[in-house]
Every structure is written in C-alpha cells, then in structure tokens.
Amino acid sequence: MFTVGSASGVGNLLWLVPVVPLAIAVVNLFIGRRLGRLAGVVASVAVGLSFVLSSVIVMDLLSRPTEERLEIQRLYEWISVGRFSGGVDLRLDVLSATMILVITGVGFLIHVYAIGYMEGDPRYGRFFSYLNLFVFFMLLLVLADNYLLLYVGWEGVGLCSYLLIGFWFEKPENATAAKKAFVTTRIGDTAMLIGLALIVSKFGTLDFDAVLGAPGDTIAKGTATAISLLLFAGAIGKSAQVPLHVWLPDAMAGPTPVSALIHAATMVTAGVYLVVRSAPLFELSGVALTVVLIVGLVTALFAATCALAQDDIKRVLAYSTISQLGFMFMAAGMRFYTGAMFMLVAHAFYKALMFLGAGSVMHGMHEETDLQRMGGLIRRMPITGWTFVIGALALAGIWPLAGFFAKDQILEIANHTGRTWIYLLGTLGALLSALYIGRLVFLAFFGAPRSDEARHAHESPPVMTVPLVILAAGAVLAGLFLSTSAEGTLARFLEPITGPVPHGEGLSTLALSVIATAIALSALAVASWIYASGRVDWLGIRERLQPLPRAAASGWYVDHAYSTLFVKPGIAAARFSAEVLDSKGVDGLVNGVGGGVRRLAASGRRIQTGFVRSYALGFFLGAVGVLVWLGTRL
Amino acid sequence: MPLDNVVFWVFAPISVASAIGMLLMRNAVHAALFLVVNFFCLAVFYLILDAPFLFAVQIIVYAGAIMVLFLFVIMLLGVDRGDDLRERLFAQRPLALALGAGFVIEIVLAVRAGIGFATKAPAGFDAVNDPGNTQAIAKVLFRDYFFPFEATSILLIIAAMAAMVLGQRKTRAVTQAELEAMETTTP
Amino acid sequence: MNKLLTLTTFLPLLGAVMVLAGGRALKDDAARWLALGVSLATFIVSLVILGRFDPSAREPFQMVEQAQWVESIGLTYTLGVDGVSIWMILLTTFLFPVSILASWTVTADVRRFMAAMLVLETAVIGTFVALDLLLFFLFFEALLVPMYLLIGGWGGRRRIYAAIKFFLFTMAGSAFLLLAILFLYSKGGAVSFRYDVLLDVAGGLPATTARWLFLAFFVAFAVKVPLVPLHTWLPDAHTEAPTAGSVLLAALLLKVGTYGLIRFNLVLFPEASKYFATFVGVIAVIGIIYGAVNALIQTDIKRLVAYSSISHLGFVVLGVFAFTQQGVTGGVLQMVNHGLATGALFLLVGMVYERTHTRDLDQMGGLASVMPWLMGAFLFTAFASAGLPGLNGFVGEFLVIVGTFAVNHWFGALAATAVVLAAIYLLWSYQRMAFGPVREEHRLLPDVSLREVVVLAPVLALLLVFGVAPSLLTDRIDPSVEAVIARVAPEGQLTDVGDAGSRAIAFEEFP
Amino acid sequence: MIGQAALPTPELVFEPLLPELALVAFAIAGLLYEALAKRSEPLVHLAIGLVGVALAAATSLWLWNWDGAATVLGGTVAADRFAVLARLLLLTVAALGLLLGYQYFARSGDEQKGEFTPLLLFATSGMTLIVAAADLIVTFLALEILSLSLYVLTGLTGRRAANEAAMKYFLLGAFSSAFFLYGVAMAYGATGTTKIGAMALALTGGGETQALALLGFALLAVGFGFKVSAAPFHMWTPDVYQGAPTPVVAFMSAATKIAAFGALIRVLDVAFQALAWDWAPIVWVLAAASIVLGSILAIAQTNVKRMLAYSSIAHAGFILTGLTAPGSVGIRSAVFYLVAYAAMTVGAFGTVMLVSGRGEERTRISDYAGLARTNPIAAALMTLFLLSLAGIPPTAGFIAKVNVFSAAIDAGYWGLVLIGVLLSVAAAFFYLRVIVLMYMQEPEEVSATGIAEGDGAVAGDAAVLAVPAAATLLLGVFPGVIIGVIEKASVLRW
Amino acid sequence: MRTPIAYFIVLSGVLFTLGTLGVLLRKNALLIFMSVELQLNAVNLALVAFSRMHLALDGQVLAFFSMVVAAAEVVVGLAIIVAVYRRRGTVDVDKARGLAG
C-alpha cells in the first residue's frame, strides 16, 4: 500500500472507508439470517463508522493548504497487462471528499431508518447486506483514481440497484423493474465502456492524472467530443436523463429506503459526479458541454411535467428526482460545476428526506401509495408530515432552504452568462417543481382524509422519524452552511477541481432571488388552492383536460414508444434469428448437407441392383474409362 | 496373296460371325456349337501363327473337353429350352454396345500406335521352333516355366475339390431366419 | 522428476483403465471415488507444474519432454507448456474433479461414465501440452470419442442426434487440419511434425500457400470454437449432454479451438493471420452479436447458455486477432474465465434440472424463494458471465475491448454492445427462473446439498478471485503472449495499448 | 536320354517357396484326412491347418535373411523381404480365419465342411505366392489359385445367399480374370516378356510400344481393381461379403486385399515404374472413386456385413491413395495400411460372427441395439474396430490414414487427400451409427443375445479376436514397431 | 507369314469384346460363362500372335497356361452353376437378386 501526500497518516485509513461496509455486507450475506434484527444495526454501524472515518479524513484534508488537498492511495495493481495497467487506487480530493461525506452521511441515516422500515421482512439480513454492498461500490466509484475503478463502482452500484429493486421478487413487476433498471443503465454503461476504450486508445491509460491532466493539445477536439459524449451517455443512463430515464419511475418498486439512498441521494447522482470529474475533457470539447446542458434542460422540464400528473407518491418523487438531476446537468453544462455539486448535496438531503417521509407514510398506511387515498395526514403523523413539508419547501426553492440556493444559483448563472432562453426555461422548470411538490404535499398531508387508511394512519417509530428529523435539519441548514455564490464555502472548497465559477453580467442576485421566490410561493399557493382547499374539483378538471394528463402520467408514452420501436422489433428480430435464421437457415443448411448425403447414399444404393450383369456393365464401364484416359496420354 | 493372308481373311469373318452367333442364339446348345466353331477358327489361326502345338491343344482341350463339358451341363440342367432374350435392365444394351465399340476403338488405336498396321511378323520363327514347336515349347515350359507349370497342379486339385464340395447333393433346408434375411435385403 | 507433463496427461488414462479393469467387482461408489481420486491427484500434479513454471524464463516452452515416437513418420512425443497452455491445463485438471463430483447423481453405467470422463481428461490435457502437430491432432481427434459417448450415452432426449452432429462437425473441421498438417510436414521434407521444426517450415512458405494453410487450420478450430456459421452443433450438443458433459464441452473443448488459433494459426502463419485479421474480426464480431441475439429468446436454459458461449468465444477470437498485448492476453483470460463461468452455469443448470426435471424456463419461476442459495449462486455466476466488474468475466472482456478498439474502433465498439445483450438474456432468464411466484410443484424443492456446495464453492470462489486478482493469471500469460505478438504483429502497428499515450503511432482522429 | 542336352535341368532353388510348399502340403494332408478318416474331427482339421500355417510362417521368417538371388526359379519368384512380410501378414490372417471358421462351424449348425481348411490353405498359398510372383504368369496363376479357392469357400455352406454370392463372385471374377489376362498379353506384346523385372527394363527405354504397354497396364489395373474392390470394379464386394460365410469374409476381405495389393505394388512400382506419370492419375481416380462410393453407399446400409463391405471398398481407396506416391514412400504407407486394415477388418467381421450366433443370423445393424448390455465384450471389441476403421486415434486406422495421406501429399496429390479426409467424415457417420446402437439404445428383445451357449463360449470365441484387437491398439500407439519392419521390407528386389 | 500382327490383335480385340458383350447381355449363367471362355480364347490369340511377333515362345506357353486355367475354371464354374440350379431351379442370373443395394 502506497500513499501519496499524506501528512498526518490519517489518510492511510482511507481504504477502510469502503472496506468496512463491504466486510459487513459479506457478514450479513452469509449469517444475516442468524443475526436477526442485529443485522440492521451492524450494517448501520458499519456505514456510521465509515462516515466517522470519512469525516476525520476530510477534516484532515481541510486542515491542509488548498494545493495539498489530495490523497492517493495505491492498494494494488488490478489489471496489468503489457504496458497498460489499471490499479485499485483511491483518490481523495475535494470532490470525492464531498461525495463520500454525502454517501456515508445520508447513507447512515437511511440505514438507521431501514432498521425500522424493514422490520419483519423475511430477508432482513440480506437487505442490509445489499445496502452495505451498495455503499461500498458507491464509495469505490467516487474514490477511484482512474476510470477503470470508477467503472467497477459504476457497475457495482448498478448491480446493487438491481438486487434491491427486485428485492421483493415474488411480485413479477418488481423483478421486471429490476431488470429494466439494470439493462437500461447498462446501455449507457456500454457507451461509457467504449468511451474508456477510446480513452485508452488515445492516452494508453485510464488514470485521472494522465487523462485529465494532459495538455490540451494531446487529443483532437473531435476525439475529446467523442470521449465526452460516450462518458456522458453513461451518465445519462445512470442519472436517468432523457432518453434513458424510463427505468427510474419503475425502480420505485424497491423498498423505500432503497429509493431514498440509491434512486435519490447517491447512485443517480453518479452521472453528475462523472461529468464534473471529467470536466477537463468536456471543456476541451465544448460541444459536449452544450449537449449536457440541453439534455439537462430537456430532462428537467420533461420530468417535471410528468411529475405533475402522477398519483403515486413515490412516482412523483421519482420524476422529481429526474427533473432535479436535469438541473444539475444544466449547471454542469454551463461549467457551473460547483452549482451542480451544491445541488447534488442539497438534493441528497431533501430528496432522501422526502422519500423516507413517503416511506413513513406508506408504513403508516399499510403500504398505500396512492395520493388520491391520502389527505390530512399531517394530523395523524406530524413528524413525518412536517419534515416532509420542509423537504418540499426546500425543493420548491423557498429561502433559506437548501433548494433555494441550489436552484437560484443555477438560474443566476444562466442569466449572467447571457443564456436567456435557458434562464427562462429553467425558471419554468422551477415553477413546475414548486407546483408538483405543492400538489404532492397538499394532496397527502392537508385537506380531508380520503380513505380509511388515511383516517387511521399512525406515526412511525422513532428509529424512522429520527433520521427524518436529522435530514430535515440538513435540508434547512445545508443551504445556509454551504452557501453560496462565488464565495460560498463549498464553491471555494471545490475550486481546486472545478475551477472558478463563471462570471457575467445580468440581473442582480437579489432581483433574481425575489423573482424565484415569488414564483415558488405563487405556485405553492395555487397548489394549495386546487388540492387542499376542497373548493376545486381537480379530478373533474383533469378529466376535462384528457388525454393530456393521462399522457403525462404515462411519461408521455415514452415507454410505449420504446416498446414499439425497440423491444418488440428486437424480440422479433431475435426470434427470427433463432427460429428461422439459425435453425432453418444455418442449421438447416447443415442438416441439408447431412440429408443430402443420406439421400445420395439411398439413391446411390440403386446402382447396386443385384443384377450381376449390371455389375459387369459397371466393371466394363470402368475398364473403358481407364482405357480412354490412358488413350488421351498417348 | 500369301496363303496365311487368305486363311486369315477367310477365317476371321467366320470367327467373328460365330462369336456373334453365340451371342444371339436363344438356345444354349446352339450357342455352344457356335462357340465350338469359333474355337476351331482360332485353332486355325494358331496354325498360321506357327503354333501347331497350341492348335492341337485348342482342339483337344477347348473344343473337345471344355465345350463337351458345357454341353453336358446344359443337357444335365435341361436349360436348352431357349432363353428369354428380352432385356429388362435399363439401358443395358445400348450402353454395352457403345462401350464395346469404344473398347474396340481403343484397342485399334493402341495397336496402331504400338505396333502399327503395317508391321509384319519378323521372319526366323523356325529357329525358335527348332527342332519342332512341341519340343521347343517343352524346353521353355520345363526350364523357364517349370514352376508355373507345377503351380497349375494346385489349380487342378482345387478344381477337383470344387466339384466335390459343390456337387454334393446334401443341401440343407432354408431356415426361416434366412428367408427373412433374404426378404429384408431385397428392396 | 522431469516427466510431470506426461504424468499429468496420462494419470487419468491410468485411472480409466483401473476403473474399467475393475469390472463388475468395482461397485458404483468405488468407481466414483476412484475417478474423483485420480482426477484430484492429477490436479495436484498440475499444481506442482504451476509451481515450477517460471514466468520469467527465456525459452518459449518449459518442462519440455521430447522423445521419438514413430521416427519414420516424423511423429515425436514432444510436450511442453507456456503461459497460455499452463492455464488451460490447470483449468482442465481443476474442472474434472468438479465435474466428476457433480456427476455423483449419474446412476447408469457408472464405471463406463467415469472411464469416459477420465479418458476425456487425458485427451484434453494432451491437446494443451502437445508440441508436435501430429500429436496434437491425435489428441484433438481422440477427445471426440469419450465426449461423443458422454453425450450419446448419458444425454437427453435427442442425445444421439446431438452426439453424432458434434462428432461429425468436429471431424469435418479437423479433416482440413490434418490435410494442412500433412502438407506442412511434406513441405518440410517429411522430417518431423515437431512444432519448432514446422515453425521454421511455415516461415519459409510462399504467402499464398501459407494463406491456404491458415484457412485449413482455421476451419478446424473455427468449428471447435465455434465461430458462426459453424456453430450449430453447439446448442444441440450442450443441450443434450449430461451436466458434466456440458460443463466440459463449454469449459474445455471450446478452448481447444481458441488455443489452437493462438498456438498454431497465429504463430505458424503470421503473415496470413494479418491478411485475414479483418475477415476473422468480422466473423468474431458477428459471432459475438449473433450468439447474444439468439440467446435472447431461448426458453431452454441450456440452449441459452450455449448461445452465450458462442458470444463469449467470439470475444476470445476477436481479442486474439487484434494482435495487441491486451487483446490476446484478454482473449486467453477470457478463455479461462469463460471456462469457469460457463462451467459453473452448466453445473447450476444441472442442479436445477435434477430438482425440477425441466430445462424450460417457462416451467420454472420463483425458485429463488425455495432455494435461495442455489439461485444466489446462479445469479452470481450469471453476473460473472455477463462481465460484471469485480468478477472474472469483466477483466477478459475489458481487455479484449480495449485491445481491439485501439486497432479497430468498429470491432471494439460492436463487441461492447454484447455487454448489453448479455445483461438482457442472463437477467431475463434469471427472472423467469428465479423470480415471480413459485410453482406449486416446486414448493418443496431442497436447496443446495453439501456435495453441491463442495462442487460449486471452489468454482465460484475462483470467479471472484480471478475477478479481483487477474494478475494471478496475466503475470504468466503475458510473457508468452508477448512472444506470440512479436511474431505476428504487423509492422508499425500498435501492439500494446499502453503505448498509445506516447503517440509513437498515429491514429485516425475523430473529425 | 533323348534331349538331355537340349533340355538342361533348370537350376531349382526351392527355398523361397517353402511357405507355399508347406501350405499346399498341409492342404493336401487335410484333404486326405477328410477323404480317409471315417468321421473327420473339426479339431484335427484345425490343427492341420494351424500347423501348416505355422510352418509356412516359420519358413517365411527364415526367408527374411535370405541372401540368395533376388529371383529364383527362372526369375518367376521373387525372394525379397517384401514377400516375406506380406506372407507373414497373410498367414496371420489365415490362422485367424481358420480359428474363426472352426468356431463358425462349431455353432452354426451347418454340416461341418472338412474342405474348409484345405481350401483356405490353398487360397492362402495362392495369396502368398502372388505377393512373391516376379512373373506375370505366376501372378496370373496365383490369382486363379486364390480366386478359385475363394469361389468355393464363398459357396461352401450352400445357403441360399452363399450360393448366389458364389455365383456372382465367380462370374464376375472370371470376367475380370479375362481382362487381367488380356492385360498380361498386352504387356507381353509391348515388352516381349512377362517377367516383372525385365518388363521394367524394357519400358525404361520408351519407344512406340508404349501404347501397348499402357493398354496392358490399364487392363491389369482393371483386374487388380476388381480384386482389391476398387470402384468402379467393386460391385461384387457387397453382395459377396453379405452372402459368404462370415469367417470366409473375415479371411478374404483382409487377405485378398493384401495379396492383390502386394502384387499390384510389384506391377506398379517395378514393372511399370517408368510409366509412373501415366498410371498415377489412374490410381488417383480409382482411389477417389473408391473412397467416395464406399463411404457414401455405406451410409444407407442396413446389414452390418454389407456396410463393412462398402467400408472395405473405401479402404481400398485409401490404400490406393498411398500408392499414388511412387517408390518406397508409397509402398510403406500402403503396406502399413494393409497391416492395420487386416487387423481391423478381421476383427470387425470376427465380431460380427461373434454376435450373429448361429450362422448368418443377426447381421442387421438394428440387431446391434443394446449390445453393450447383452454382450459387453463384443460391443467393446466392435467399438474398437469401428473406431479404427473410422481412423480415430489412438488406433491403427488413424496412423494408417496419416501415413497414406502423408505419402500422397508428398507426391503432390493434396486434392485426393482432401477427398479422403472429407469422406472420412461421412464414413465416420455409419461407423458411429453402430456404436450408437450398441451403447445408446436398448436391445430390441432381451432374450436374443444370439449366443445360446452362454458366456463361456463368448469369452472363448472372443479370445481369438484378442489378436486383432491388440494389433489395432498397438499399431495405433506404437506403430514404430511394425514401421521399422515395413521399411526394411519396402524395397522390392527384381 | 505376311499377315500383319496387328490384324490378329485387332481380331482378338473384337472377339474379346464380343465375349464381353455376351457377359453383359446374356442372362443364362452358362452362356455368360461361355462368353468368358470366348474372352479367354481371344486373349490366347493375342498371346500367340505376340509370341510370333517377338520371336519367342513365352506367349505360346502363356496361352497354354491360360488353357489350363480355363479348364480348371470351367470345372469350378460349372460346379457352382449346377449348385445354383439345384438350389433355385434356374440359371437365369437376373433372378439371383437376393443380395442387392
């Protein structure tokens, strides 16, 4: 083991950060059943320990001067063939430091929550094993010092996502959702793999230092674009951006802590991390950044419209996540990497909070997820309700909650860099966000209860509500604490990696903030009027607006389109290939040759008539034949 | 025209005609008789080819012994009623005739290329046949070809045995299994 | 003792003779234990060989044994190992005890079954150690017989069709091989079939001749690999073979083909290899995608795995014909990895079949509820096979893709698409087998037995070990591959993607 | 006293003929025993036959180190090692044939034929003679000796099928003999001699008589082609092999090939060596035709004996393949093939006999279903022989094929080898089919094991087949043993 | 002797061919066999003619042997034909088709 740049020696422990959850994952996998309830506790402690370790190490990092904030730990040579090598090398810099804190911190809380949430599940131990394994892979992803190891983590979290979405595999639709998630993301992953191959073929290595630190003229602009886009394709898959977003809403089939951890706080943000990490390549290309921006913008708006039409509480959140991730990509596309990272962190808090809150609601309502059957829950389960409201306000962008700072900054940069259209559309996205989250909150927690379950809902146990409270505190404080603008703490912290925040002229920060807040507030007000006042027959309105709401609810029929355009023709093609081409064509040819020989043999038998005179004739034929042949030699 | 030439041109057509006659006769006895005629013609050729010993042997052994044996068997088996000359085998006749023609042509060509139609037999065979054909053959036979001559004795023993073995009248009945086997192999 | 290779090759044969000689006096169980013991002993011997193998040695082959066999026809008994074959040998000796143990449930003609297995082991090891072309061919042909008997004697419903197809297909391919070997021998003045002798002979051939010979060798190995369109024997043979047969067929016999490509095609005919590289690459890529596409809709799980083998072996060939260090080493690695992963898959399928008595995915479902460990192992293996990083399948695939991409972008990129397809067919089949509600008749099926754990554990452990520490393998493969590359790589071509950054060689850039 | 001066006593060196003399002597002894003994004992016949063969073998062995003249008895008999080797091979086959015949009559229920042994010995003597013949007259006579004996042997049992087979064999055999003799005549016409050595000398000069020589060669080739059952002169083979008594087939399938090829080799590589460029393509075509026809037609067969007959046609083609290479390379490969072929074909037919029980029953291929269960020894033996016939290592058939292919490639005939290797695949199909039936299918009726006498008899009968079985394996694993010998014997003296 | 040798050879060829045709076209086993005898005689003619051409007696001796062989063959052949007739009651070779294919 070999460490670079460690002053105090605390950094030597970096490898323990991912390894502790891994070890416990293995333990839980094999003896989880015997541990019983302890399995959850052990798993939570493991992640907690990781968090503590991370904090200590990051503190150590913070104590150093800016330029020395880098720690590389070479564990061992993993793949070493010829002059190519890819090692298991961990890299702790400010970017990965941010990520591991989020992962272990939020992860820990979700683990704790899950102790209560998963109570009584027959595969309790296995659940925590998978969850810990996920944490391991996620940490590996962000701590990797090369694209190869990053890819390992990348695929590993996909695996865990698969396992956890399909955790209740007895229901076929859960299993299908799991497979869909894995396969869809793998499409992006494959593009990313090709990207890695392209990197290798240009740089001969996958090490971050060599690839990202190479001088600008090492590769052509076109090559940089190709690499960047291929990498971004991976990000699109993992972060559920258009057009590979279809898996995330279905992924809500998994247990709610999974949705919170994987499909909100951490895994889906890996794409953002990847883009930020690979920023030098993207900047070299330029075109690639524009693509990132546009994809982000389209996704943000598209998903927001979908979220507006969902009746399933978790699906609203899922589309919301997609939309929010779009915002992050918008930021990155404008080179506003700190903004992206800031939103990533903030989003981790408030979206995890809301998912856990949704889980708590389901817990209290016998797994009910239909918003139409809720209402007035804030009275039955106040902690869940109020923490949820905090999360919702954060998402809507109400000052001074985390979401406000995140979204506001991004719109500000758009405005200041002269991207007026982006600014306007982004603001529209913000409006839609406030609208759908308002709708969710008012439908679920306010108004009158619309079902027996809602009327008899009960508050969850403290093991679940305490994490809610902590996360809510995070959602409130993160914005203020890590805030904001060019001088913001996080921005300054990340500067060695992300470079300075872009500058420009435009409307003043204050003006923009006022506009944003006003829009958010009015959207919430509208939502409250429609969904909670009881004075509007919103279902009637929806019926009158058909088929628009139905289309939005189905995600604008993208799934159908994919099914018609790709899946069905694909299966038909495979069926043709296997049942016609292979068995009738290729194998038919083979059997045809065999059959031909047999038929030849069968008909050849007829030469052997049994007539001795025929035999003599054959003999004579041969004799004359030989003579004729020799005759030609004369 | 020298005598041998005359003899050749007289007997050659007869020999060919008799051979064809054998080929076409329905009755086996007639065919055999044609064959005898043919053998006589050949004997005459042996004579003009300075092989009087073989002339004698041809008449005694072939025309005499062998053909008599044939006739004897024909009579014995009572198959002299005449054959059915219809051909049932597909293309047997045309093919056979065509191939036969080809065979003859080949031989004519080879002979022309090999010895030529003008080449006459060299003179001086009398020296070879000194003091007489029979004695000369005896000399060759019992000196150079002593061993083959001995070897023929084995052939004769085998022939005798064959007659003995195959001529035995003790035939056993056909077993059911055999009959079945025959049927299965017959298409 | 310098006869280690002979020992490891013929020890199983000795065992087979013992099993057969025992006659009826040898009880079934005794035959099983005897066979297991012999195969384990062979494994231990091969471990000793591994221990003595020196990766840094300068000579291309180690532990060479050489003796005249039939002098007049130039047949010598020459054995040796290099960094490629040593792993093939170990793979063989490792999988045989596993397969024998997995065949404990065979109850018909146990003695004959075990004897056939052991004979097969000898033949397979023989092909990997032979350094005489005729000797190689001898083993190459000889291994057909026991495999044929295994498929035809203990296989499924259409076993006879499958067995004959397997036999004839391979034999048809090897017909060309024999022809080419004899031709080469004749060109060399009919002196010797020894590898090094014929290596020199091949070096002096005119280009056209070498190309024809290349094709002859290639056809033989392409059938074995198998490359599309010579693959149709494989699904049938795999499907109908008994568990051990499928395992060995997939894990070892297919490797004989790719091994042959490396050992003979590349080295004997470097010029022709270059000439045909694109052609072979196209076939390999077609195979990769074609195998994967056909695997998609199979409902017979064994057939599905068989098609996946076609896809995976396409990777091997693609990598080998990239002529880069990473490509070839990745190919060899993929050989080992595919052997382990697909072998394990067939073992698992066999275990499932023994319980459910069906291989039809539509007749299964929900098995993960009743036998979580078995299905867990299945999923683990499926992911290894699908190339999930951290498990062994990834390393080989990655190296092949990287090694190929550097030379031909299209091949590399197209091959990578198989990664998606692999995920689809493996997960889809797994879903149909393990997920969803459990069928009534399967509700009481038992989970893994102790014997099955003993069978599976070592294989699964290796899937992980080689995924995490592939250098255990590559350290020994690399030098031998380097020697091969040195012979075959085109002038001025990139032979090591690690050099790409140094810009010694220009590439086309994307616009 | 007359003519003593005119008829000098020829120099009689009889030693090189001792094997034939022994065979004939014991054949006559057997004949006398049959004629004189009140009731002939089969065992006595067997003993007479075996002693005769052993004696012949012993004298042959002694001839290995013969250092006298290359040819004796007026240049009609060659005394070289080639002849010795071929004789030893023939004698081995003859011994096996005798043993199989003894078993056959012991349980066929047919009337014991005392003539079997003498006839077989006579046939053998003809065969041993033909391989040593240095004069086409002797070749012709020996050919007739062996042919006539075989005609009779074929029809020996008087069964319906045997009868028909004998007639077909005889008519076609006589027909082909005529061609052969015509060939001798033409060769004589071209060269003025019938001595093989002198013929070679006469032909090296070239000259216009070459046309006749070629004609002669063609006709000789036709005659030999018939004897070795090369296509298109093969058509008698399936019928005769199917109809003749199995031990006779076992004997003649191997021995006739050895004998005829032995003689053919002398004719090709001595007499007509100067015309090698002309005859090699003929051999090529005959080889290819035999391989193709034999391999393909065998696929559709339903009778084991008939299938093996077609296989023997294909094998004739493989041997001819070796002979396309002129000189000792070709000879060596062909002789090795003959050795291997003898072992496997005698073994295969012997096993057929073992399975068929009484006489000619149970020779359909379907009768072999489940044989591995009912008669594992026979099944194992059959498998071995069939694999060898298919040319699968490590059996004799494999090395043999490699040898002939290698020789042909050396001579530049890779096209022929291509045909050979590809048709080997087709051939493998029908060999495998039998193996499939034996091992992979259930017997049709369990009771019909075919052997009523029980296991003891089977084991005893199978013991005879241990010799070909061992040879088949040994030649596959340690072919060097015999190849060394063959090498020493592949130089023809004349 | 003035007749060219070639005439005899050609004549022998014609006779041989006629014998061959006899084998091919006649159905009576005895007649087939007789045709074979005709072939042998044709050969003998050629041998004797060649003998004359080469001024040597080997050809005649060979012809003599050929006759001996023919004699022996006749014995065996007729024995076989008689045996067949006994068994089947006919010497029509076209009726002997138990073995075919």
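As written, the chains take the letters A, B, C, D and E, and residue 1 is the first residue of each chain.
The criterion applied here is as follows: a residue touches a chain if its C-beta (ideal position, glycine included) is under 8 Å from a C-beta of that chain, and two chains touch if they have at least 3 such contacts.
Model, not experiment: these values are computed from the prediction.
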Exercise. Give the chains in contact with both chain B and chain E, ordered by label.
Key: A, D
Quiz item: When every step has to jump to a touching chain, what is the lowest number of steps that links chain A to chain D?
Solution: 1
Practice problem: Select, from D-E and A-E, the pair of chains that is joined by more C-beta pairs in contact. | Solution: D-E
Quiz item: Farthest chain from chain C, comparing Cα centres?
Solution: B
Quiz item: Whose Cα centre is nearest the centre of all Cα atoms in view?
Solution: C
Quiz item: Taking each chain's centre as the mean of its Cα atoms, which chain lies farthest from chain D?
Solution: A
Practice problem: Measure off the straight-line distance from the CA centroid of chain A to the CA centroid of chain C, and report it in whole Å. | Solution: 36
Quiz item: Just curious, how far off is chain C from chain B if you go by their C-alpha centres, in Å?
Solution: 68
Exercise. Averaging only over C-alpha atoms, locate the centres of chain B and chain D and give their separation in whole Å.
Key: 28
Quiz item: Between chain A and chain B, what is the separation of their C-alpha centroids in Å?
Solution: 99
Quiz item: Which residues belonging to chain A are in contact with no fewer than two other chains?
Solution: 605, 608-614, 616-617, 620-621, 623, 627, 634
Quiz prompt | chain D: positions in contact with at least two other chains | solution = 137, 141, 144, 148, 151-152, 155, 158, 160-161, 166-168, 171, 175, 179, 186, 189, 210-211, 214-215, 238-239, 242, 300-301, 306, 429
Quiz item: On chain C, where are the residues touching two or more other chains?
Solution: 168
Quiz item: Which pairs of chains touch each other?
Solution: A-B, A-C, A-D, A-E, B-D, B-E, C-D, D-E
Practice problem: Flag every residue of chain B that touches chain A in the complex, lowest number first. | Solution: 89, 92, 95-96, 99-100, 102-103, 106, 109-110, 113, 186
Exercise. Over in the complex, which chain D residues touch chain E? Could you list them?
Key: 137, 140-141, 144, 148, 151-152, 155, 158, 160-161, 163-168, 170-171, 174-175, 177-179, 181-182, 184-186, 188-189, 192-194, 238-239, 242-243, 300-301, 306
Quiz item: chain C touches which residues of chain D in the complex?
Solution: 332, 387, 392-394, 398-399, 402-403, 405-406, 409-410, 414, 417-418, 421-422, 424-425, 428-429, 432-433, 436, 439-441, 478-480, 483-484, 487
Quiz item: For chain B, which residues are in contact with chain D within the complex?
Solution: 106-107, 109-116, 131, 135, 138-139, 142-148, 151-152, 154-155, 157-159, 161-162, 164-166, 170-172, 174-175, 177-178, 181-182, 184-185
Quiz item: If you look only at chain B, which of its residues touch chain E in the complex?
Solution: 2, 4-5, 8, 12, 15-16, 19-20, 22-23, 28, 31-32, 35, 38-39, 42, 45-46, 48-51, 53-54, 57-58, 61-62, 65-66, 69-70, 73-74, 76-77, 79, 83-84, 87-89, 92-93, 96-97, 100, 103-104, 107-108, 111-112, 115-125, 127-129, 133, 136-137, 140-141, 144-145, 148-149, 152, 155-156, 158-160, 162-163, 165-167, 169, 171, 182, 185-187
